[in-house]
Amino acid sequence: MTKPISRWPVPEVADLPEDLRARILEVQAKAGFVPNVFLAFAHRPAEARAFFDWHDALMLRDSPTLSRAEREMIIVATSAANDCLYCVVAHGALLRVYARQPMLADQVATNYLKADISERQRAMLAFALKVCKDSGALVDADYAALRGHGFSDDDIWDIGAITGLFGLSNRMANMLSMPPNDEFYLLGRQPREKKS
Amino acid sequence: MTKPISRWPVPEVADLPEDLRARILEVQAKAGFVPNVFLAFAHRPAEARAFFDWHDALMLRDSPTLSRAEREMIIVATSAANDCLYCVVAHGALLRVYARQPMLADQVATNYLKADISERQRAMLAFALKVCKDSGALVDADYAALRGHGFSDDDIWDIGAITGLFGLSNRMANMLSMPPNDEFYLLGRQPREKKS
Amino acid sequence: MTKPISRWPVPEVADLPEDLRARILEVQAKAGFVPNVFLAFAHRPAEARAFFDWHDALMLRDSPTLSRAEREMIIVATSAANDCLYCVVAHGALLRVYARQPMLADQVATNYLKADISERQRAMLAFALKVCKDSGALVDADYAALRGHGFSDDDIWDIGAITGLFGLSNRMANMLSMPPNDEFYLLGRQPREKKS
Amino acid sequence: MTKPISRWPVPEVADLPEDLRARILEVQAKAGFVPNVFLAFAHRPAEARAFFDWHDALMLRDSPTLSRAEREMIIVATSAANDCLYCVVAHGALLRVYARQPMLADQVATNYLKADISERQRAMLAFALKVCKDSGALVDADYAALRGHGFSDDDIWDIGAITGLFGLSNRMANMLSMPPNDEFYLLGRQPREKKS
Amino acid sequence: MTKPISRWPVPEVADLPEDLRARILEVQAKAGFVPNVFLAFAHRPAEARAFFDWHDALMLRDSPTLSRAEREMIIVATSAANDCLYCVVAHGALLRVYARQPMLADQVATNYLKADISERQRAMLAFALKVCKDSGALVDADYAALRGHGFSDDDIWDIGAITGLFGLSNRMANMLSMPPNDEFYLLGRQPREKKS
Amino acid sequence: MTKPISRWPVPEVADLPEDLRARILEVQAKAGFVPNVFLAFAHRPAEARAFFDWHDALMLRDSPTLSRAEREMIIVATSAANDCLYCVVAHGALLRVYARQPMLADQVATNYLKADISERQRAMLAFALKVCKDSGALVDADYAALRGHGFSDDDIWDIGAITGLFGLSNRMANMLSMPPNDEFYLLGRQPREKKS
């Protein structure tokens, strides 16, 4: 497909700083393709680096009460609220892969109240969507609701910060008109899909 | 999956009036399964009949300037605006099948401005979304824009009426908490999918 | 008055299919005039037929806990939310006639919280307006509130379905720019008005 | 009807300051009843006086290019946007009387884009509704549009100030839960109604 | 600064009616400058007089449970909601002066939920903002909440009426494009500022 | 003042990683105090580092057509739209300092259409606010408008990315309930204030 992946110039991988090039080659080896966000954001290496560092700090933090699939769920729900095609499709794929549920991403993107998720996860998404759409209105009761569902203070930080970071990513992707890679659309949809 | 398909009782196909039963058996023969809307709406046969008649009048009308795929596109875009999981997933499948484009439905559901569609189709969806969200604000210029793209007056009626009919269907599906059949999620996603 | 009753062609009654013509002659005999909706929608007979069938199924269903006046109240409140002149004026007239309260329609159309209605009716309209404006956000508590006021499950279906059907009708009337018949404006306003 | 006309105490006319009493007796002589706003606002005589003075300055100003009926039209359209039952009904009556058009008020209150008014009046209401709903977004083009329709600078001031004053009145009427007098509902609806 | 203080002509103080001139000279003697609102509104003396009378009735009423600083707080919060530069800056200055808190106005204007105010004051502003943005939705519970915090019925009237009056003033200031006097920006910001 | 600067624990500067400690000591030496954001965000050092790196990449980039003051203007306008007290007050101070205009920040925070800025700056803020509030609706004309005012493609990236980054920062500050340092409120307000 020849549609450009950004309204701005996209660098060649070979021309990138060593750390970004290594990161891109690593994801390519693992996924079999380079997600467009790596190339489109690399037009500004320092900013790309900050994004990927922040991403890893939030998405790879180990917590018994906030799984990787739940973190992807937050991204999908809030990216849909922000009308971001790239993130809904790319992170929808990751959600399917991590949750091993081929139908979950479409549910969370369209209407999380109708999704096959737990009450606890619904509370998590309600908090995330409030941070996404009206963070100035957060009150004590919002935090108490999450604690009542067993989320730790570190989890709450993560829920809000993931929402914030991908709110930034959504705005960048929309501004760059960055399309999702074709590969993401189908990823994780076959019921017996296994996460490598 | 044992999740109920409606908050209201769902009739047995065998107990339905002859015309509804025939219609259901026909769709089952063609699709290989019975879409939940047929069973959930059949709790009220007269209303179900009216819906399916109206549906056929609008969706099966032949027009050289408004294809079946475009009609499904209208349903997907406006159902997403109405947060209706059933219609986004079920008609997303039909859109993929009729358009033979496995990625189109996710694009239209998330943000039609980023979808791989023509300017003409973008104008069609802009009109549909205005009917969906603020029909009282329609003015002459809105109709003129569609005519400028070659839509006939019959097409314009269809665009608005499809939006209206599925706005009703969205509200029913949301009120009934009607989930999409599992089959719809994957339908038409494989690139070589053929419409039978 | 020579203002057209639709942006689309309006058929002659004599040219209509027998069943629609009979229906129109019946309403004319009863009301003394033909409401514009019958003529404007009849531009597409199959769709008109579906609308009137659906209308009758919902509006004529007998229930000790959901009167005809209450059904009209739902139409007036939600049509006002949808900025639909035809339905506010025409069903406002019907509401006055069925409720035998000459001031009720203006109250319900402007602000149902200030209308002379019962708490039970206020709950009914709150549910209808949620279906009208944000059906994707319906949760169990919304249904429980209606049941707490004595509405049956069949009543709840009717409340939501009437809202949905007239949401479609509102969008059609707005798209067609269909004006109310002059007769509706004054109907039922004289205190001693009797329903024939 | 024994429903109170305000959530706050309502004074006896006999107990009011001389100027307010005179004003009330004058309106009563002319209209045949005392509009509730005179009594409900008179709970605070100084504020009532300011309101009536401001009202007269704006509503009675003579202009060849902004009639009394048009001034009432502004009140009806913006009061409907503010969900104010008292003002929609009471000024709807005055609009019918001044314009000698029994159907105009219902049209303007429900959707001014569908009302039987001129392009010039539509521009006037568009400006008023912008002042009503988003005055901070007014730009030069908004004033130019009115001047292009022949409104003078004094007319523009009036259009905006009437909107502002009745925005205040709407908020007071809603806070007081002030119902319209029964008389207003029917006033000016009979085609041959004459303004005395 | 030579920027005009209104889109309409501004009268000379010497040419104004005696009572308005006296009022202006008095505020000038006290404040050291004439706030632009006095001159810009005086283009229409009768309306200016009504505004200042209404203002004094509401802002100078003595109440042990609603201080002058709290009244200014209401103006600042609601004027920010109405995007009114003049009132946010001018009444922000008055709030700093009356409350003797140099940081309070910026907090209330930006997000009162984050301001250093009491729960009681937060309830007061929640009511005011509901009157400002959605007065038609006021219900009994809103009044009960204020009474629960010790506000009298006269206080509640004041809270709503101040909101209403400055909603009018906000719309006028936005329509006139009335800038705040430069003096207001800094007034009351030095911690040891004393009200003369 | 003893109000906590975050809902989460705040680290001691001495306990921080060397690079963050150095950065904090540097800002303290320059400003005379440590802005709360440095301490509150440092609860998560990796995330804080990413934020400050991203901040520097965007705010310190040299461009003849997008000054540091204009960058701060973007932050103030969009942070006000996000109801973020910390950023409106802290970056309002920086805007005053960089622009050497003591009144500008209050204007931009309240209503940029009334601010003493150029048409070019108004276009810049219109784009930023669209990225902030509705980035999914960006179309070619939005970019063309900026280019028409002489902004380079790099400037446009910066305008959108600053909006995105501070949208994240606004959500974090709101979630942490992070108050601005007292020092920011007065900074740059005295007309002869000099930037060191």
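Couple of notes before you dig in:
A, B, C, D, E and F label the chains in the order they appear, each numbered from 1.
Convention: contacts are C-beta pairs under 8 Å (C-beta built on N, C-alpha and C of every residue); 3 or more make two chains touch, one makes a residue touch a chain.
All values derive from a computational prediction rather than experimental measurement.
Touching chain B and chain E together: A, C, D, F. Between chain C and chain F, the least number of touch steps comes to 2. The two sequence copies chain E and chain F touch through a face in which the numbers common to both exceed half of the numbers used overall. Centre to centre, using the average C-alpha position, chain B and chain C are separated by 25 Å. The mean-CA centres of chain B and chain D are about 45 angstrom from one another, to the nearest whole unit. The set of chain C residues touching two or more other chains comprises 83-84, 111, 114, 136-138, 174, 177. Touching chain pairs in this entry, ordered by label, are A-B, A-C, A-E, A-F, B-C, B-D, B-F, C-D, C-E, D-E, D-F, E-F. Those residues of chain F that touch chain E in the complex are listed here as 3, 80, 83-85, 88-89, 92, 102-103, 106-107, 109-111, 114-116, 174, 177, 179, 182, 185-186, 189-190. Across the complex, chain F is touched by residues 136-139 of chain D. Against chain F, in their complex, chain B makes its touches with residues 111, 113-114. Contact residues on chain F toward chain A in their complex (touch as defined above): 7-8, 43-44, 46-47, 49-51, 53-54, 56-58, 82-84, 131-132, 134-138, 143, 153, 157, 160-161, 163-165, 167-172, 174-175, 177.
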